[in-house]
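Listed below are the structures to be examined.
In the two complexes below, chain A is the common chain; its partner is chain B in one and chain C in the other.
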Partner chain A sequence: MSQFAGRWGAWLFGIGAIFPIVFSVGYALLYSVGWAGVLADGFTFVHWANVWTKNEVLPSVLFSAYVSTTCTVFSWILAASFFVHLHRKWLQSNWGMVWYLPFALPAMVAGFFTFQIFSGGGWLARLAYHFGWITSPQAFPEWVQDPYGIGIVMAHLLTGVPFFLLFFRTLWKDAIVDAYSELSIALGASISQTRWRVQLPILFQRSKGNVLLYFLTVFGAYDIPLMVGSQSPQMISVLTLRKFERFDLADKPEAFIMALLYTAILCAILLIKNVVDENPE
Partner chain B sequence: MAPSVLVVIQNLSKRFGNAMILQDISFSLHRGDLLAILGRSGSGKTTLLKCLAGLEPPDSGQIVVDGQDVRRLKPQVRGMVYLYQEPLLFPHLNVFENVAFGLRLKKIAEKEVKTQVNALIEQLGLADQAHKAPHQLSGGQKQRASFGRALLVKPRLLLLDEPFASLDVEIRAQMQTLFLNLAKTYHTSTLLVTHDLKEALIMGKRFGLMQNGSLKLYETPQAFIQDEQTGVLREMAFWQGQG
Partner chain C sequence: MRILNKLVFGGLVGLGLLPLGLLTVWALGEGWHFPHLWPKRWSSTAFLQIFSGKMGESLWLSTWISTCVAVFATAFGYITGHFVSHHPLKKWLLRLAYLPFVSSPVILATCLLFLFIKIQLVGTILGVILAQWMFAFSFAIVFFVPFWSPQMKAIEELVYTLGGTALQAMRHVLWPMSIAALRMCFFQTFLISWVQYGITLMVGGGEIQTLPVLVYFYVNEANITFAAMASLVLMLPAFILMTVNRRHVWRD
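Moving on to the complex of A and B:
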C-alpha cells in the first residue's frame, strides 16, 4: 500500500512540480532558437546574438546581482549589529514579536512607502524644504528611481532586517550562543572579543542558507524594483517582463532568453552552495 | 613545604527568589589541589561554580584568590575557567583553533601559538584531528579538545561541572585518567562538582558533599567514605553483597 502511495506521490510531484518547470524551460529554449512561438522560422541564434549586442541584459544581470548583494549584506549586518549590540534581550521577549509586523507589508506597499518617504516630492524632501535645506524638489538627493538602486535597497531593508532579526531570535536559542559566550568570557575574552570571535561568526555560520535564500529572493523580486527602480539599468525581472509586454514580437524571444539566463544563474548558485556544503574543508 | 592557599571562600550565599541555593559556603583550596564536591541535581553545585567564575553574582560572602577579593572583577580577568557538562567547542572553529582560542585572545605570536597548541594536541591524542570541525569528532575527542582549550590559558582555578556526564563508561574512565595526568603536568588547581560517587572518588584529592545549598568538607578521604550521607558505604555494601 505504502509503495503504491509512494509511486502515486512521485507521479504527482512529477506532474505538479517537475513537469511545469521542464516544460517552461524547454519552451523558452525552443522559442529562443526559433523552434517555437509565432516567430518560429526555423533554427537560429539571431535572438541570442541580439541579446548580447543590445547591451541590456548583461548590465541588468550585473545590476540585479549588485542590488541583491547590497540588500543581503546590509540587512544581515544591520540585523546582526542590532541583535548582538543593542536589544537582544528585548527582542527575545514577547515584545520582539512586533518584528513580524513588517512581513504583513506587501512588497508593493513597501515600495510605495519608500517612494513616499525618499522621493523628491516625499516627506523627507518636504521636511528639508521646510527647514530651508533645499529650495526645490529637484535639489533633494535622488534616492528613488536612481541609477544606483538606493531606493530598491532601502525598500528591501524594510523587510530584510526584520527577516534576519526574527531568524536570529530563534537561532540564538537553538545554537546556545549564550553558553558559548559565557565560555568565551571565562576563557578570557572581553565582551567585544566575544561578539567578534564567537557570536557573529556563529550567527553567520548558521544563517548562510538563509542569506542565500534572501539573496535569491531579492535577485528575482519584481514589485519593488518596478516602483522605485530606475529605467536604466533595470533589474532582470523588470526587464524580462517589459520585453514580454512590448508590442514588438521580436522582443519575446529575448524575454525568454533572459528568463533562461535567470534560471541558469539560480541553478549555478544552488549548485555551488551544494558543492561547498559537501566539502566544508 | 605545604602548598600555599590559592582560594578562600567565606560565607558565600545565593538566593533565587524564595529559594536559598547557597548557604554560607566556606572552604579553601590549595595550589594544585583537586577538590571533588559530590551532590545531587539541584543541590547548588552549578550555582557555586558560576558564582566563583563570575557568571552569577553571589548575594553575600567573599571569594579571595591569591589574597585578592575577586567579587567585583569581571569573569574574564578572574583567571577561573568554568567548563560545562557539554564540551561546547566553538562550531565555527576547527579543533586547532578551538584549542588556540585563549592564546589568540592574548594576541600571542603565531609561531608560539602553533608550538603550544600542537604540543598540547599531541598530548591529547588529537594530532590527526586538528583540522577537523567539531561535529566531525566523537564525544570523547570533543571533551579532550575542550580540556586542552581550558588548560592552555593556564587558569588559576579550573571549575569542572560534571564534565564527563555525557560520555559512556569506558571513555569516561579514559578521560578521567587523561585529565588527572594533564592537571598534574600543567599544575592546575581544580574544583570538580559531580553527582557521580565513583567519579568523585577517582578524581578527588579532597572531598566535599553538597546538600540543599550547604557544603560539608571532609578532612580525609576516609572521613568522606565513612560518612553515611555520601552513600559510599551503601555502595560498597551493595557490591560486596553481589560478590
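Moving on to the complex of A and C:
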C-alpha cells in the first residue's frame, strides 16, 4: 500500500487538490489584470481601480462578514445554552435525536423552508393574520429578502444550531466535562459558577477550530442567500456569479477580482485556524 | 425547575420536527393560499412525480451522479490520504487539501468554467461529476489523513515483517480495518455531491437537472407542492445516513 499510495497519491493530490486552486487563482489573476479573457487588451490595473470606485464589492464583503459572524455567534450561543442547561436530556433521551433532523436539511431546502415560514405570505404571517395582528401579507415585517440579512441568518441557524449541538455532544464526552463539573461542585462551586467557569470555557476552547470552519461555510454560501437574500447588498458568492453572468463584459474582470479577494480571506482564516489548532489553550 | 426543563426540552423537540412536518404538509397539500394555515385539499400528485416525470428523472440523475462522485472520491481519497499522512510535509499538504473543501463552490466554479469550456465538458454529466468530485475528493483526503495513523502504518509494516505481501496486507489486514471508514466517507461524499446546487448549475449549464436544481426551478415557478416534495426527496439520504449511523453518533 505504501509504495502504491506514494506513487499514485502524489499524482492524485496534484491533480485533484492542487491544480484546481492553482488554476483558479492564476486564471483569476490574469483576467483581473487584462492578460486573459475576452477583454485581454494587455496589462492594466483599471479593473482593480473600478472595483473600489463602484462601491459594490466592499459592501458585499462586509455584508458577508456580518452575516457569517451573526450566524456563527448565534448558532454557538443557542446551541451552547441548550446543551449546557439540558445536557443530560441531550445525552440520554432518544428524543434529542430529533434535533439533528434539521441538520439534514440541504442549504437549498433550508432556504425554501425559511421563505415559506417568514415571508409575507408565509406560515407565520398566516398565524399573525388569524391572531388579528395583520390584515394583509404586506403588513407582515420584511424578514426575508431584507437588507439586514435576517432571512439568511434564520436559514443558517436552522442547520447551524443542530451542527453545534451534535458537535458539543461528542465534545462533552471526549473532554469529560461531566467529571470536571462534578469536581467543581465537590469543591464548593454553585451550578451557575460551574456552567460559566467550567462547562462553557471548555466548550469554547475545544470548538474554536470548528467555529472558524462554520464561519467560512456561511461566508461563501450561495444557495441560501440566493433564495432569501436581498438584491442589495448581496453576499460575496451571489455577487461574484451575478457579475460573471452579466451581459456587460466589463463586469467579468470584477467577478474574478472578487474571487481573488475571497480566496485571500479564506487563506487568512485557514491560517488563523491552524494557529488556533496548534495552540488549543 | 425539572418541569420547566421538560417543557423546554419538549418544545425544542417540537421545533426540531417542524421542518419535516411542514414540508410533508406542503408536499401533500394543494390550494394553500393566504391566509389558510392548512391546505384546502390533500393530493398525491407530487408524491407520484417521484416515480415518473421530471422529479423521477432528476432523482435517478442525482443518484447516478452522486454515486459516481462518492465512489471515485472515496477510492482516490483513501489512497491520497495515505500519501499525505506519511509525507514529511504532512501539515502543509493537509492545509492545501482543506482549500477546495472549504472554498465556495460557486466562486471556484466561476474560475474553472473556462477550463471546462475548453475541454468541452460544460453541459455534460461527466463535467458535473468532475466538478463535484474536486470538492468531495478534497473532503475525502481530510477525512482519511487521521485514519492513516502511525498505528495503522505499524500494523501494515508488521505484516511485511512477518512475510506477508502487499496484496495480503491489503486483503487480510488493511481492507477489513478500512471498511467502516470507507463506508462513512462514501456516505459523506455522496451527500456533498447530492446537495450541490451552484456548481451543478454552472458546469451543467442548466441542462443537468439534479434535485437541488429542480427544487429551485419549482420555487421559481411558485409550485410549492412540488418544491416541498423534491425537498423531502433531497433530505432522504441524509436521514438514511443518520439512521444507519445512529449507533455511532447517538449511542456509542
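FYI, the second predicted complex is superposed on the first by the 256 of 281 C-alpha atoms of A that agree within 3 Å, B and C clash if a C-alpha of one lies under 4 Å from a C-alpha of the other, contacts with A are read in each partner's own complex, and residues count from 1 in each chain.
Methods note: a contact is a pair of C-beta atoms (placed from the backbone, for glycine too) under 8 Å apart; a residue touches a chain by one contact, two chains touch by 3 or more.
Here the structure is a predicted model, which is why all the values come from computation and not from measurement.
Peer 1: Look at A:Met227 in the shared chain and tell me whether it touches chain B only, chain C only, both, or neither; answer first, second, both or neither.
Peer 2: Only chain C; A:Met227 stays clear of chain B.
Peer 1: Counting only touches as set out at the top, which of chain B and chain C does A:Gly42 meet: first, second, both, neither?
Peer 2: neither
Peer 1: Which partner does A:Gly132 contact after superposing on A: first (chain B), second (chain C), both, neither?
Peer 2: neither
Peer 1: Check whether A:Leu166 is in contact with chain B, with chain C, with both or with neither, and answer first, second, both or neither.
Peer 2: It touches chain C, and chain B stays clear.
Peer 1: Could you figure out whether chain B or chain C reaches more residues of chain A?
Peer 2: Looking at chain B versus chain C, the one contacting more residues of chain A is C.
Peer 1: Can you list the residues on chain A that touch chain B in the complex?
Peer 2: 175-176, 179-180, 182-190, 193, 197-198, 201-202, 204-206, 280-281
Peer 1: For chain A, which residues are in contact with chain C within the complex?
Peer 2: Chain A reaches chain C through residues 1-6, 8-10, 12-13, 16-18, 20-21, 23-25, 27-28, 36-37, 82, 85-86, 89, 93-109, 112-113, 115-117, 121, 123, 125-127, 129-130, 137, 158, 162, 166, 173, 213, 216-217, 219-223, 226-227, 236-237, 240-241, 244, 255-256, 258-259, 262-263, 266-267, 270, 274.
Peer 1: Quick one: in the complex, what on chain B touches chain A?
Peer 2: Going through chain B, the ones touching chain A are 53, 55, 74-77, 80-84, 86, 88, 90-93, 101-102, 104-106, 131, 133, 149-150, 153.
Peer 1: Per the contact definition, I'd like the list of chain C residues that touch chain A in the complex.
Peer 2: Chain C reaches chain A through residues 5, 8-9, 12-13, 15-17, 19-20, 22-23, 26, 34-37, 76, 79-84, 86, 93, 95-100, 102-108, 110-112, 114-115, 133-134, 137-138, 141, 153, 156, 166, 169-170, 174, 194-195, 197-198, 202, 212, 215-216, 219, 224, 227-228, 231, 234-235, 238-239, 241-242, 246, 249-250, 252.
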